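Could you have a look at this structure, given as structure tokens, before my questions?
Chains here go by letter, A, B, C and D, matching the order in which they are written, and residues are numbered from 1 within each.
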Amino acid sequence: MTIPVAILGATGYAGAELVRMIDGHPNFAVAHLGAHTQAGKRAGSVLPGIAGQLANMTLAGADAIIPDAVALVFTALPHAAAAKSVAKALALGKKVVDLSADFRHQSPAIYQQAYGIEHPHPELFKQAVYGLCEHTRDKVAISSLVANPGCYPTSMLLPLIPLLKADVVHKESIIVDAKSGASGAGRSAKTDLLYCELNESVKAYGLPRHRHAWEMEEWAEGLSGAAIRVRFVPHILPMGRGMLSTLHLSGSEVERWHGLLEQSYRHEPFIRLLPLGELPSTAGVRGSNRCDIGISLLGEGEAVIVSCIDNLIKGAAGQAIQNANLMFSLNEETGLPKHATWP
Amino acid sequence: MTIPVAILGATGYAGAELVRMIDGHPNFAVAHLGAHTQAGKRAGSVLPGIAGQLANMTLAGADAIIPDAVALVFTALPHAAAAKSVAKALALGKKVVDLSADFRHQSPAIYQQAYGIEHPHPELFKQAVYGLCEHTRDKVAISSLVANPGCYPTSMLLPLIPLLKADVVHKESIIVDAKSGASGAGRSAKTDLLYCELNESVKAYGLPRHRHAWEMEEWAEGLSGAAIRVRFVPHILPMGRGMLSTLHLSGSEVERWHGLLEQSYRHEPFIRLLPLGELPSTAGVRGSNRCDIGISLLGEGEAVIVSCIDNLIKGAAGQAIQNANLMFSLNEETGLPKHATWP
Amino acid sequence: MTIPVAILGATGYAGAELVRMIDGHPNFAVAHLGAHTQAGKRAGSVLPGIAGQLANMTLAGADAIIPDAVALVFTALPHAAAAKSVAKALALGKKVVDLSADFRHQSPAIYQQAYGIEHPHPELFKQAVYGLCEHTRDKVAISSLVANPGCYPTSMLLPLIPLLKADVVHKESIIVDAKSGASGAGRSAKTDLLYCELNESVKAYGLPRHRHAWEMEEWAEGLSGAAIRVRFVPHILPMGRGMLSTLHLSGSEVERWHGLLEQSYRHEPFIRLLPLGELPSTAGVRGSNRCDIGISLLGEGEAVIVSCIDNLIKGAAGQAIQNANLMFSLNEETGLPKHATWP
Amino acid sequence: MTIPVAILGATGYAGAELVRMIDGHPNFAVAHLGAHTQAGKRAGSVLPGIAGQLANMTLAGADAIIPDAVALVFTALPHAAAAKSVAKALALGKKVVDLSADFRHQSPAIYQQAYGIEHPHPELFKQAVYGLCEHTRDKVAISSLVANPGCYPTSMLLPLIPLLKADVVHKESIIVDAKSGASGAGRSAKTDLLYCELNESVKAYGLPRHRHAWEMEEWAEGLSGAAIRVRFVPHILPMGRGMLSTLHLSGSEVERWHGLLEQSYRHEPFIRLLPLGELPSTAGVRGSNRCDIGISLLGEGEAVIVSCIDNLIKGAAGQAIQNANLMFSLNEETGLPKHATWP
């Protein structure tokens, strides 16, 4: 079985990963590539990494008609633009995995608070499922519209949810100090993102409240039942890919935490819990769909959890494909790398 | 069909790539991992990128017995050490792809000149085949011992051989100015290879004559019939992977060169010839088994050819697997990535 | 007036910066370079950045006699080794700035807890002054032995002390999430520090309790009177220099904090407080002796403070020279760069 | 004596270095900062590395009047724009060091060939002096308009001129394979220059004929009398600063070459010739005004010369200040760093 797939926003960094990974997927095939500003060009002229016939595909414009045969659409577009494409694709009867933020929230009010605009299609909220596969796979499997989680929320929710469910974390003092490679900032021609501006430097950004903080709080509660408040401080690092979230936590029974995560995730193919006291690096997950998690106990009621993902894979394209596998009743692991491309 | 495979020298950078790629290969399976200095450890404790059962394998020592079921051995060991392991594996009836330099030369004298030691097993020379697949695949297919080409020679021979065969290159003035990521220097704890010594810096090394110069000259002649002399100047760059060779060439009929390469390689799955005048970057091949080639004509009888590979894949582990596919009558492309992991 | 200076441990990264900066200092002159393992070599053969006569100096061994004329000794040696050299230099009547950790603590017990060894010269503790110039300059000026603060404590104490003095920070919940370039890990030939291991990666290290946590707690109290407890989580980043500390703080009257720092530091030449809400990057301080500080108010009683230094300058060699200027009654700013080498 | 200085184009990378270095110069003082697109902003808001009063200066627009007191103007503007500002400044009686390409050529025809536009002020050509200090310092000293050499030509001409003068280099086969950090490409918001596009990658660019090739040929002849032809292939590397030019040369008496360079440059404060057979790295010159040169003899009549500079210092701002020192009869070394900021 080969399922034809459309990728809208194919020339951004997450889009590029989708193109590569879908082409290597045994059950999906790239049938349509959309790119707003690059329409009309050869895919290979904008995506230097792809070769062969794939590189010869022509990039379609925003308004191009998606072929009938396409059963699945990935939207890797800026927010608001994504919602419009999603609505169109759903109207044509296609399943959609949306990598933007447009369907990650359940309330138009929170969306408006986080993104500063009125949502163009709030009527679609009720059919969207939040696609954090390890925790929502049953709903994803029967959904036509999956909101792919943000990279920061993914790295933070995976280690946190089992602990919140067990009610062992102080919900008022959750601090997430996150570090991301530059690819998370996208492919726009901005002076701030030039090589020489980011090279050999680190900085915090997005304060006092980064958009992903709302998503973290909404889904921590949505998936665990526990209302939390997050102090989220993201940083941008001089590297291309990779995301590390350091969770500074207080709570009770910290010596049980490792076991709780072990119990939750021991059968998960894409989560690796390191032995207690060992902490992961982003090099260990780069190029893979894994989330690596480590815990260090600091003392009475205090612990640090470190969580690493490849922001473009488990934090974007990989998780999107994991969701798509579920939506099409494929083995969830299909086409997804478990090992990192190291070094 | 699943063929059990042994990888000796599994904890170096090329070895690590072999482990990852063999585990993802549909017809090969990792059955034995050898590591001289790390013997006894869990594979995952030394190779941060691998996960799951693979990570739980125990690294075997240099003298460990390779299981009977193993039909194929990859040796990714230092030169001289490799030859000894190769001899043992052949004696046990196994096929071998050797990633070291030990069987890349046809004369013990040249080997001694290049590597400064007497070869421990010169009697095996006659059965070794140089595994530059695009040019020697028929011999590779019927061989039990394949010498996997060096990374620099791979990047230089692929664009050069068709031109040498056509006798359009001045054979006395071939200049190869090559640039390599740091992973090419290996994983030894040397001050020279520390992050802070290589970061934000570039330097030439290995002059006046790098070992690979002999290999380049020997196989340029061996594969094209034309005796050449190479001025080879390698540089080390502040990046992990990737190799770019700039060939400064003179010759005749330079306007025909692009066509000659096009004709030679148009059906090759792992060679991408860019349109005339366009030049590749290493980002376009990183993570893939491709060699990307571009030509710029400078003027009357002068051209620059730029050739890019991922030094750990097409320059090491990937080409080794390409050879192994041939040796076991598999489709040559099996398990090998055509697209780069970009960005 | 030119004061002859000895630098012991001249070939490490902090030592190299001392050599460069002392040579450019109008009142100090390099008279003696000590290097334990590199003794007998030309300075220039081990320190690639220096040129001219300086490069022709011979590196002296650990037991070499420091010339009589030398009035000031910088010790940039590993802990314990430093203490022995310090004792010798003091016995010869020289002033000493020690860049190691050996005299940063006031109690042998805490030293032993942090460094795991008995202190070789606890009798010298009483004469050592902690050289955080902005807060201890009067004592430094009349001292013969200055303990140069650690890089992490420098970046954390400078923003914190004025707030602790004003009693507006919750002393029980101080979280310091710090990010350092690789030069902070030193110049030893360790596999963990190879280019390819650190490149394109980030990780936390030193948990559950990094040595600098004791220094932070001791001097936060020593300089402000307020006993605090720190949860300190350092990370190593893929860059050579630069250190950014993110302080996650709670407290009272957060809207006054910026003013408190403004008031404390407005006349300090090497501290730059950014406008409220703006946060610094390490690029803004690299190559300078500055500490840049920014504050973002998160909400009721919560704030993030970000502090950036060049770990080899304000976090090591620069601060050491600032201390030495004070010890010799020179203008404190002499020979110290206020602007960063950007980009 | 303090000479007030204007810097036009102060917010580009070379301009930023001028601002920093002039502020640290004992005889020059920053009196006016011009910035076309950033006019009206605080200098510190666009140049993150500068602090103090300097950061509080307001950036003036292109048409702002340069204060009367200013005696020296540095123009670090795009070509063509530079010429217009130069003409204005000269008309006001000021001395000018122009860092653009506008006055590096002696013929409007060559300029037009290299830059594709008609020169706006060819009448000024006759008064411009090419400011390669080591070879033209006498003319520079009495000039009012100095054309600061390009970074690539600087790195190539310094090692080559003494050999051309001695007539020991084959003039028809000079190959310059150059490698530059990304800062050489400037600070424009272009997708090609984004962090993620350049990171972990290397590529050649500017072929078949980069603009600097004309400058190399013109001044090789202008300064040595020998007409040469250059095959120049520049590459961009994943680092911020630094430039390494590899010269692949043939000629006669190669064993004399090291001595010829030694003789030419032994008294030059900013040129370091390494011992024969040793080759420099860009880390050894980063942050300094030095050019480091090494020679490796390959065999009969063949040699490789490697030359390293910091492209923003010896290749731009530093050399510009060296020229200015000469123009104002200051010691040529004033305010210029001889040691690199290493690591």
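Throughout what follows, a contact is a pair of C-beta atoms (placed from the backbone, for glycine too) under 8 Å apart; a residue touches a chain by one contact, two chains touch by 3 or more.
None of these values were measured; they are calculated from a predicted model.
K.L.:
Average the CA atoms of each chain to get its centre, and name the chain whose centre is farthest from that of chain B.
P.N.:
Farthest chain from chain B, going by C-alpha centroids: C.
K.L.:
Count the touching C-beta pairs: is C-D or B-C ahead?
P.N.:
When the contacts at C-D and B-C are counted, C-D has more.
K.L.:
So, what's the distance in Å between the C-alpha centres of chain C and chain B?
P.N.:
The computed centroid separation for chain B versus chain C comes out at 45 Å.
K.L.:
Provide the C-alpha centroid distance between chain C and chain D, rounded to the nearest whole angstrom.
P.N.:
Going by mean C-alpha positions, chain C sits 35 Å from chain D.
K.L.:
Which chain A residues touch at least two other chains?
P.N.:
13, 183, 196-197, 199-200, 238-241, 280-281, 283, 286, 343
K.L.:
Note which residues of chain D are touching chain C in the complex, please.
P.N.:
Result: residues 13, 16-17, 19-20, 23-24, 47-52, 54, 183, 200, 240-241, 269, 272, 280-281, 283-288, 290, 292, 337-343 of chain D touch chain C.
K.L.:
Within their complex, state which residues of chain A touch chain C.
P.N.:
So the residues of chain A in touch with chain C come to 173, 175, 177, 179, 181, 196-197, 199-205, 207-209, 231, 233, 235, 237-242, 244, 246, 248, 277, 279-283, 286, 296-299, 302, 304, 306, 343.
K.L.:
Where on chain C is chain B touching in the complex?
P.N.:
13, 182-183, 187-191, 193-200, 238-240
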